[in-house]
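Encoded as structure tokens, the structure appears first; notes follow it.
Chain IDs A, B, C and D follow the sequence of writing; residue 1 opens each chain.
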Amino acid sequence: MEIEKAYELYSMMTEIRLVEEAIAREYPAQEIRTPVHLYTGQEAIAAGVSIHLSDEDYVVSNHRSHGHCLAKGMDLEAFFKELYGRQGGVSGGWGGSMHLCDMSRGIAGTSAIVAGGVPIGAGIALKQKISGDRGITVVYFGDGAVDEGVFWETLNFAALKKLPVLFVMEDNKFASQTPSEDRQAYEDITPIVSAYGVPVFKLDGNDPLTVAEVSGRAIEGIRKGRGPAFLCCKTYRWLAHVGPSDDTNTGYRTREEVTYWQNRCPLARMGQYLEVADPENSALRVEAIKLRWAAAVARAIEQAKEAPYAVD
Amino acid sequence: MPWTKLVADKAGRSVSFVSDGAGGRIMSYAEAIAEAMDQAMQLDPNVIILGQGVDRPGFVYGTTAGLSRRYGRDRVIETPIAEAAMTGVTLGASLAGLRPILVHMRNDFLLVSMDQILNHIAHWRRLFGGSVPLVIRTIIARGWGSGAQHAQSFQRLFAGIDGLKVVMPATPYDVKGLFLNAVAWSGPVLFFEHRWLYSDKGYVPEKPYIVPLGKAAIRSEGKDLTVVAMSFANRDVASALADLGDEGITADWIDLRSVNPLDMDTIYRSVYKTGRLLIVENGPVNCGVGAEVAARAAEDCWDYLRAPILRIGWPGTTIPAGCKLEESFYPGPDDLRKAIIKLVKQNDSREAYPRRAQISLASRQG
Amino acid sequence: MPWTKLVADKAGRSVSFVSDGAGGRIMSYAEAIAEAMDQAMQLDPNVIILGQGVDRPGFVYGTTAGLSRRYGRDRVIETPIAEAAMTGVTLGASLAGLRPILVHMRNDFLLVSMDQILNHIAHWRRLFGGSVPLVIRTIIARGWGSGAQHAQSFQRLFAGIDGLKVVMPATPYDVKGLFLNAVAWSGPVLFFEHRWLYSDKGYVPEKPYIVPLGKAAIRSEGKDLTVVAMSFANRDVASALADLGDEGITADWIDLRSVNPLDMDTIYRSVYKTGRLLIVENGPVNCGVGAEVAARAAEDCWDYLRAPILRIGWPGTTIPAGCKLEESFYPGPDDLRKAIIKLVKQNDSREAYPRRAQISLASRQG
Amino acid sequence: MEIEKAYELYSMMTEIRLVEEAIAREYPAQEIRTPVHLYTGQEAIAAGVSIHLSDEDYVVSNHRSHGHCLAKGMDLEAFFKELYGRQGGVSGGWGGSMHLCDMSRGIAGTSAIVAGGVPIGAGIALKQKISGDRGITVVYFGDGAVDEGVFWETLNFAALKKLPVLFVMEDNKFASQTPSEDRQAYEDITPIVSAYGVPVFKLDGNDPLTVAEVSGRAIEGIRKGRGPAFLCCKTYRWLAHVGPSDDTNTGYRTREEVTYWQNRCPLARMGQYLEVADPENSALRVEAIKLRWAAAVARAIEQAKEAPYAVD
């Protein structure tokens, strides 16, 4: 990977991580009064995909959308204003964490209904296909969304019409507290999806380089008019399904499992890559990136808190 | 934007229920839909059509005939039987800049896509701004044992929600003008047609024109009561009123045309005059759109009402298929006539209620 | 059949909204649900539970805790996120002889399964006979930015349909008694809980007992008006009425408990007495259940009404997430109090309307 | 195949064929006032499956249900009374052709919503599984039903819980007038279904012996507790999607195609088999079966027409 791309990847992931950490820190003050589904631990996916996208490409996302939106360029201040219910929030304070949008950056919206956004993304891609746009649409969803029939209806339609959609499944093993094996008859979704004639890529969702490389290939095919592609990204959520804390002690997963995945931190991995790839500068540049985002996040939060509340 | 240039047709005031073309062009409700679809597609290359059968020989009772040939299969899209996904696709296409029209053969099938309609389409614009122009065309069927799952009339499920408009045209004139306006509108519109109106004929101007969304039509004027109806129920009203000559009763007959939003102004103005209100639902009475009309009138027309508000419509049961069961399931013109007479004869007591008469019409209308 | 042996609890007349145990056992709404679930499963091996999270540590806010351990995973079934199919599965299990209970964390998710509920479950018994005992438990949420898709209150979509019963208990006593009766009933019941009632405490008998489906409860008696409410809206009524002492106004406060069928008898009896009706919807006013209550009263209580019928509830817009927006979205006790005063002060004209007073209460009630 | 079984098969198919032909004949008189979706040409499927079923087994069916119900033992007179809207109809005259039911024969009901009956069948099977009944549930549906997400949700659940369901897909190439290739991205559904871990059998749905043999094997596995199985039966509908006439001239299919399939008549094929397998008696017995059903159908129609109308 080109080194500047690598730094961009690192920067995107850093932004997401610091945002989620800041939310977790601020949440107990009860000023962010909206249910938050944090993306911590899954950053490689949004970043690895988004690195290939521009404003003519759209994303549609779900309840766990912070990473998807930020990687696609959502304004940090408008993002935080939305979380704080303030004027100038991306959805005017009306949406909260579960309903973010910025059409000007190609962020077409997020739905908190499981799989609800999936067909909407296909609809955007239908427009792109009909008008011969170069753009594609990325639909993000979890391993829970494929339980819903509407996902399969959409996959069929997108494959039938060769729509420019990239389906990105973030398989973090759980839907809320229920593991896939308690919900799904199959162990592996990929043969099912590929039987629809859709190219399938199964990959380590915690490795940003892999995500970037594989999604790059997938997106290239889509842009060439070959129809949809499907990424199955294995990953893990570090925090609770909803809210800022660690819920491991409720008993639905083990401490060992969480630790195992925390040791596979996508951000750390990217840092290591940079260390090797750019031994001269990486230490300084990485530090600078961290500082820059820490400052940006702090400033955005401050501005959000100072902004007037959204009122009717 | 071709859609801002459409204007209301001057000639057709649409006061009469049956053809009032006075030499104008007469066509059927079905033909009017087909023409409206065609003109919409011609006016704006962003208009696309999706649905089961839109590009197959049946052509949704002929209403999409010729379109795929004329506008291509990119714009006339035959779909899988996957109403939920196709509704989401419709929303997405709209967000991205198209004006999609999704077609269902029966409104009973809307239930499969309820989540996309009520949880997504209805909220999208309020949440995210922008415009969400889309139309969902759907048909109410009746008779020939259509029964439990193929003859329901679900307008009530979509009324009362700010983020949706719901129209139920009853005449060829309206079906064309409302359709073009639905396509022109920047938000989502549910478009309920009635299968039993498809062969009704009436005046339909050739040029594209619009009928306002959310505006009722006064089909006849009278003094004794106000009858409010929607969709096919209007035909029963027409028959019932025609039969009332002997009784010396005349009515303001209001065709709602839109059930969301409701044109309460037109209803109120009439009730202020007549003091009596009968609502005819094309669907179950219980929790129907008529309940909302009655509730609002009971609050806002209080000082003018001279008799209880009556409603007529279907029972709340499953719709039966057997022909005799079906016959007795639907109220007809005769039931309407009886209700009208009951309402007008009952409790005529303007004198007895001096306070109500005191408050002048003007002061309430102002 | 264990279910025919359940009887109404004698001690708990459930007249008071808050704990009236008089030394009886006090527990929370959530605990009462949990106990009812447990007792239902114990009473009848045909009772099974299905849902997302019913067998996971959250246990649907604790209401299913311990059940899988006690009754096994054959009877406490953790499901995929596939509401449409699981609702059909629930219907099938019921037909085959079980008494399934399907649990949803939010009633917003019901929309995904609308086709199974309205096109199938609601009609099955009328079409095919037999019994279709099943309960769909679901929760109305509110606040903390739950917003557009997680705080709706969809009872209106299921009211008005003969084939479904819909209950909305507001007290710990009722939630247990209605739940057991819902499980006992031979047809489908939609069971709407309210998340903000979960920690409310009140008298709950230990033994299994039933509260009748379709019967309202009179929470307080008064002379000046009738206030009808459902679910959480009752709590606002409680506060508003408590605040009315100075005004010298007293009210009949009716908690609907069931919104399908509606207990109009209890409402009518009260309106005959008070002549004034205010309906408080836990949900949007427009086309709400309150519209039906108002419409029926406007027809059937005509001779007793002394003032317009008022309704209070939410706007019809998307529910906002931002905290200040949310605050102003929901009407509160203060809005209620104002409406009550307006209604009682306005138009007090029993003398002016002699005909209405003439007709004796007895003749209408008979 | 045991010869008596073969006659039973032939008899079942004859009953269905004669019933559908009688409906087509009577329909123009406008006394059967209910939309009919005739099963003519597809008889081998219902018969071949039902031959393995008893009253403890259930079937759930769709709009094209006559064959499924009759093969499962629906009373002919009560069936016709339903079609004629009379008292004594299987659904009391309330249902019409699209809503037939007789729980005492294990006919659990039919839904006219595409795929609507599929999860209901799985629910019955859930009961059978939980109570350890020997019975199984057969769910019939068309190639159109698999377009609907609820089919896939149900397949997943049934496979996950190893429910005793036999999914019988009647692939007659069309959903109304739309061929599968205009609706489905895949040419072959079977690899998709088998990726759920469900045994799949793809077969000639116009060959009664094959259907009987293959469904027998599938049902045996299900009864042994192995979970659901899936039959994909290729077949063809001779008449219009709805109504008693031939709609080929509307143009959505060719006369040649219809003729090709009419030449693959399942009833004729069964007749040929009997001729070979039982040359001595088949001519007589076949004739007797035809006469018996012709008489029974005529009598049932007569009785239905004489019965009082269902009224409220």
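Quick note on the criterion: a contact is a pair of C-beta atoms (placed from the backbone, for glycine too) under 8 Å apart; a residue touches a chain by one contact, two chains touch by 3 or more.
All values reported here derive from a predicted model rather than from experimental measurement.
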item	value
Furthest chain, CA centroid comparison against subunit B	A
Centroid spacing, where centroids are CA-atom means, of subunit C and subunit D in whole angstrom	43
Gap in Å, rounded to a whole number, between the CA centres of subunit D and subunit B	39
CA centroid of subunit A to CA centroid of subunit D, Å	47
Subunit B-subunit C separation of Cα centroids, rounded to whole Å	32
For subunit A, residues contacting two or more additional chains	94-95, 99, 111, 113, 116, 147-150, 153, 156-157, 160, 183-184
For subunit C, residues that touch 2 or more chains besides their own	79-80, 82, 84-85, 108, 112, 115, 119, 126-127, 148-149, 318
Category of the chain touch graph - line, ring, star, complete, other	complete
Subunit C - residues contacting subunit A, complex	52-53, 56-58, 78-85, 108-109, 112, 144-150, 318, 320-326, 328-329
Parts of subunit C lying in touch with subunit B, wherever the complex brings them together	84, 108, 111-112, 114-115, 118-119, 122-123, 126-127, 148-149, 152, 156-157, 159-163, 284, 286-292, 294-295, 297-300, 302, 307-311, 315-318, 347, 349, 352-355
Footprint of subunit C on subunit A - complex, ascending	33-35, 85-86, 89, 93-99, 111-116, 144-145, 147-150, 175-178, 182-184, 250-252, 309-312
Complex contact set, residues of subunit B against subunit A	48, 74-75, 77, 79-80, 82, 84-98, 100, 115-116, 119-120, 124, 126-130
For the subunit D and subunit A complex, residues of the former touching the latter	147-153, 155-160, 183-186, 188, 191-192, 195-198
